[in-house]
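Multiple structures are listed underneath, in structure tokens.
Both complexes below contain chain A, partnered by chain B and then by chain C.
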Partner chain A sequence: MKKQTIRPYLTAFRIRALLETQYRGAALGGVITQAFFGLVLAYLYTALYAGGDPAGLRDTVTYVWLQQMFFRVLMTSDSELQNQIMTGSLAYTLCRPVDQHAYWVCRDLAAQWVGALMRMVPMIALQFILPLEVRMALPESPAAFLQFLLSLSLGVACVAQIHTVTSAITMKTLDSRGFSGMISLLMMILAGNIIPLTLFPETVQALLRYQPFAQALDAPIRMYQHAQGTAEFSISLAAQLAWLAVLTAGGRALWRQHLRSITVQGG
Partner chain B sequence: MRYLYHAMRMQLKCAAQYRASFLMQSIAQCVMVGGDLLAVTVLMNRFRGLGHWSAEEILFFFGVMQLTFALCECFGRGISNFSYYIGGGEFDAMLLRPQPLLVQMIGNRLDARRLGGMLVGGAALAMACLRLRLHWTAGKALLLALASLGSFFLILGLFLIEATVSFFSVKSIEMVNVLTYGGRQACQYPVDIYPRPLRLLFTWVAPFALCMHLPVSVILDKPLMDVPIWQVYAAPLAGFAFFAVMALVWRRVGVTHYRSTGS
Partner chain C sequence: MAFLEAERLSKTYVRRLKPTSGGPSRLWRRDTQRIFALQDVSFSVEKGELVGILGPNGAGKSTVVKLLTGILTPTEGVCHVDGRIPWQERREHVRHLGVVFGQRTQLWWDVPILDSFELLRDVYNLEPAAWKRRLDEMTDALDLGGFLRTPLRQLSLGQRMRAELCGSLLHEPALLFLDEPTIGLDAVSKLKLRSFLREENAARGTTILLTTHDMEDMLALCRRVLVLGHGRLLYDGALDALLRRYDTVHVLRCAYEGPCDLSGLPQGVALERDGDSYVLSFAPAEVETGKVLSWVLACGRLREMTLKEQNVDQLIARMYQEMSL
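The block that comes next holds the complex of A and B.
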């Protein structure tokens, strides 16, 4: 009945990407906020390390800046789905002959990538005028950078899937604030945005590295800082792929189940 | 004053109608501030202190900041969410009522959910006190009260800047959040760990150092600045002054140029 092509998804991606470029004010606000937080944190860590471990400090400062640069990846806050559920216009979207889950994932991916790129350029430019001691470092080697890019694209996909799981649950509860607020906070902590995951005690490192939220930015940043050997690199990638598969399957299942019984609000 | 009391009681009654929701949201607030507490704990566990401050002293600073900030969010929600009054046209109604605008703004929105944040901040403060075995005197207690009160008004003043901006643009609030949330993030640590430009910013522009860090450092017997003791007691006045200036700016720049969004 339905002829499946990839075109509608590409279009959804493009439209959301174009929309994202219209929010220049929001992007500017984001850059100022992230730059201020990055600067304050960089100085805080300078004081914490107090000249004790220059290599460790450099790594931590770089970690902080990368987290701030890619903040948009974690928080796309696409309120469109929520709005559509609350106003009932979701009914029209449901009529479209596309796979709903994939459609919304494409939109989210567009917001994440374009939003992050828009914020990244000024943030990198900023690095050139910052005092030397709070600048971020370059990737350790070209290999490290390639590993970082590969892992980052998987990480962004993982976050998009986490978002669909969250929105599936809001679809059910219709309460956007309480639950998604908690998830955002969990994400900020467990993705390493509030403090680098590398600074947590050794005993919980293994646990922290392989939980789903760490796949987003923590895994790529570790590669950026230190190119990984084949064994370690494969384990990291396998963890990302595994979580991506689990989250996608879970998200799809939840969406299928919830869309079947969705109540269209409003009138 | 009676109006304020009355309005706030009504707000509390409203909140009490949705007990389960209220409880959930208070717990969410607890968890949020708890996340910050976790961050400080992890950092202190890793680094054992910050400059010449011990882990317990940092926890003390953290507690004072979080407690005060949660209080501000509780009482100052009408100011920090001022753009809703403008966007919704509710401000027009406020202009007509025979009550001072600021009193109305504070009275109309009391956010009791912030109790969760206050609890966590208070707990951090109490824990730090216990571990430090502070030698309390009446003077120190007075100093702590003054520091909280001064910082309370300082943060309300920062909220007022947001409110003033929202007269001109309802959308650019995100940018102004840097002042409040950035200030909280930066100044939950004593200001002397930062380089000169940030130190000057937080001493003379948004005077967290004068309102909060200087008195608290004296309570901890590690004075931040070498000044006579009466000046330490007077320093939190900077918060009141900041609030007064911002209220004036809000009034002169904002309210006088207000044009209704219409409906």
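The block that comes next holds the complex of A and C.
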């Protein structure tokens, strides 16, 4: 038996990343939409905060912009994989000598990162021409920025694992819309996409911070805004790692089970 | 043990149906129905054989292919490919397996096909030098040189199928499954594909299993066929013997110069007049073709004559009918 290498997974990542760069039109569309929503929300919060706490406003506006920049990350499913399951093209991938779950996660990560970067760069550029009051703040400190990057990587990885769970469900139902729709609703609210999680009442903060959807973007954004002490930082990372482990184990188990009973569509 | 051995393969699906009668419980109650996609199918294939799988839609052809590729697990029975059970040692099994599903694509839609081939190189962990050699060889044989750097979506169907085939053979599989590889191709592309497959089979001893509805493909490539119907294996043997069995009517058309004497028609031959020519039909199994021919020649000055074999598609249709498929 040939020894297993990570070569297939790296190449899958590389080619999926390359593919994502082809979708410049989609990225541009995303940038325009997200810039629009970012502006509307930023002005909305400016009005809401009028006469109030200026530090709070700055944080909220920054939160909104970071959410919009990484909007691409908050998708509930890997559309490429969903399509393959629904059309039956997955049959081909199933005929490859690779770990199916790992292979798809690599592709998904590539799509997410490159997609997000392509949208992020123009959105950062945009900040320079915005009026001061709706402009996002810089990270609090270099330490805060490093914490943010580390946490963001874990966040994106968590989302990729959520995708594998959605896909595993699709393998059974053969239609992604129902389950994706449900997850999508949860994700919108619980990831802080509609109202920043930091704006929820103090009493539910503890609950909100440690639920799975907060690991995607909320956790990294909090670090961006305020560098955290060693203890707090460790707790936050531990929460992300724990959810990553749970989602990965769950996703893999579902894949193992569902791939065995999968019905590949059509002749 | 043969290279590929299937023993009593069966696959049953449970289909859940909405009941058509009953009270409001219809909303959540579901009847179950067992679908026998494959029942008790056994056959074996030797290394280097080129075998066709025939059968109408829904006969179980794809199920056989999916079981042999390890995508599906059978309800009962077992099969071995090169000593391995596909669904148990899936990864090792598929390493030596190539597949072409004519209706799907394995290459990436939006990137140049060369990039897809690079991905396949790494997925199969091929030596870059060996991969390059193989790719060059196939680029020549399949005439891919002109569009290696073109994204798949910009290729014509014929180009795409050739690229797909190349993708399936880069890792030099011992076993190749072709599921309707020539669907939608023009005559030239079909001929090219067929000759390439014959060469691949002859030069490397690649075992090939082909499912297709295109009888010309079958005739050109396979000497042996398996016929499936309603999930059962109905025939396993030579293709020409099968065709002979269903080739029950020969039609001979002849026209004469001047007068002719049509008396003494051999027994079992039906005669019809069609314009200024005559149409004779007879069953080759009952009436000797030579006897009919000498009678035709004796009748007068023969101007022209054609002996029409039946269209293969008609034969297959008759076969399906007789097997009540």
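To be clear about the criterion, the second predicted complex is superposed on the first by the 262 of 267 C-alpha atoms of A that agree within 3 Å, B and C clash if a C-alpha of one lies under 4 Å from a C-alpha of the other, contacts with A are read in each partner's own complex, and residues count from 1 in each chain.
As a working rule, a residue touches a chain if its C-beta (ideal position, glycine included) is under 8 Å from a C-beta of that chain, and two chains touch if they have at least 3 such contacts.
It should be emphasised that the depicted structure is a prediction, and the values quoted were computed from it without experimental measurement.
Student: Figure out whether A:231 sits in contact with chain B (first) or chain C (second), or with both, or with neither.
Tutor: neither
Student: Is A:22 touching the first partner chain B, the second partner chain C, both, or neither of them?
Tutor: second
Student: If you stack the two complexes on chain A, which partner ends up touching A:97: first (chain B), second (chain C), both, or neither?
Tutor: second
Student: One more residue to check, A:206. First (chain B), second (chain C), both or neither?
Tutor: Neither chain B nor chain C is touched by A:206.
Student: If we overlay the two complexes on their shared chain A, which of chain B and chain C does A:11 touch? Say first, second, both or neither.
Tutor: Once the two structures are laid over each other on A, A:11 reaches chain C alone.
Student: With both complexes superposed on chain A, which partner does A:260 reach: first (chain B), second (chain C), both or neither?
Tutor: A:260 contacts chain C only, not chain B.
Student: First (chain B), second (chain C), both or neither: which does A:88 touch?
Tutor: In the superposition, A:88 touches chain C alone.
Student: Considering only touches as defined above, state whether A:132 meets chain B (first), chain C (second), both or neither.
Tutor: neither
Student: Between chain B and chain C, which residues of chain A are contacted by each of them?
Tutor: In chain A, no position sits in both the chain B and chain C interfaces.
Student: State the interface residues of chain C toward chain A in the complex, per the touch definition above.
Tutor: Its residues touching chain A are 13, 57, 61-62, 66, 69-73, 87, 90-92, 94-95, 97, 99, 101, 103-106, 108, 110-111, 115-116, 118-119, 121-125, 179-180.
Student: With touch defined as at the start, can you tell me which chain A residues reach chain B in the complex?
Tutor: 25-26, 28-30, 32-33, 36-37, 40, 43-44, 47-50, 131, 177-178, 181-182, 185, 188-189, 194-195, 199-201
Student: Hey, which residues of chain B end up touching chain A in the complex?
Tutor: Within the complex, chain B touches chain A at residues 21, 24-25, 28, 31-32, 35-36, 38-39, 42-43, 45-47, 50-51, 171-172, 174-175, 177-178, 182, 185-186, 189, 193-195, 198.
Student: List the residues on chain A that touch chain C in their complex, please.
Tutor: Chain A reaches chain C through residues 1-2, 5, 7-8, 10-12, 15, 18-19, 22-23, 87-89, 91-92, 94-99, 260-264, 266-267.
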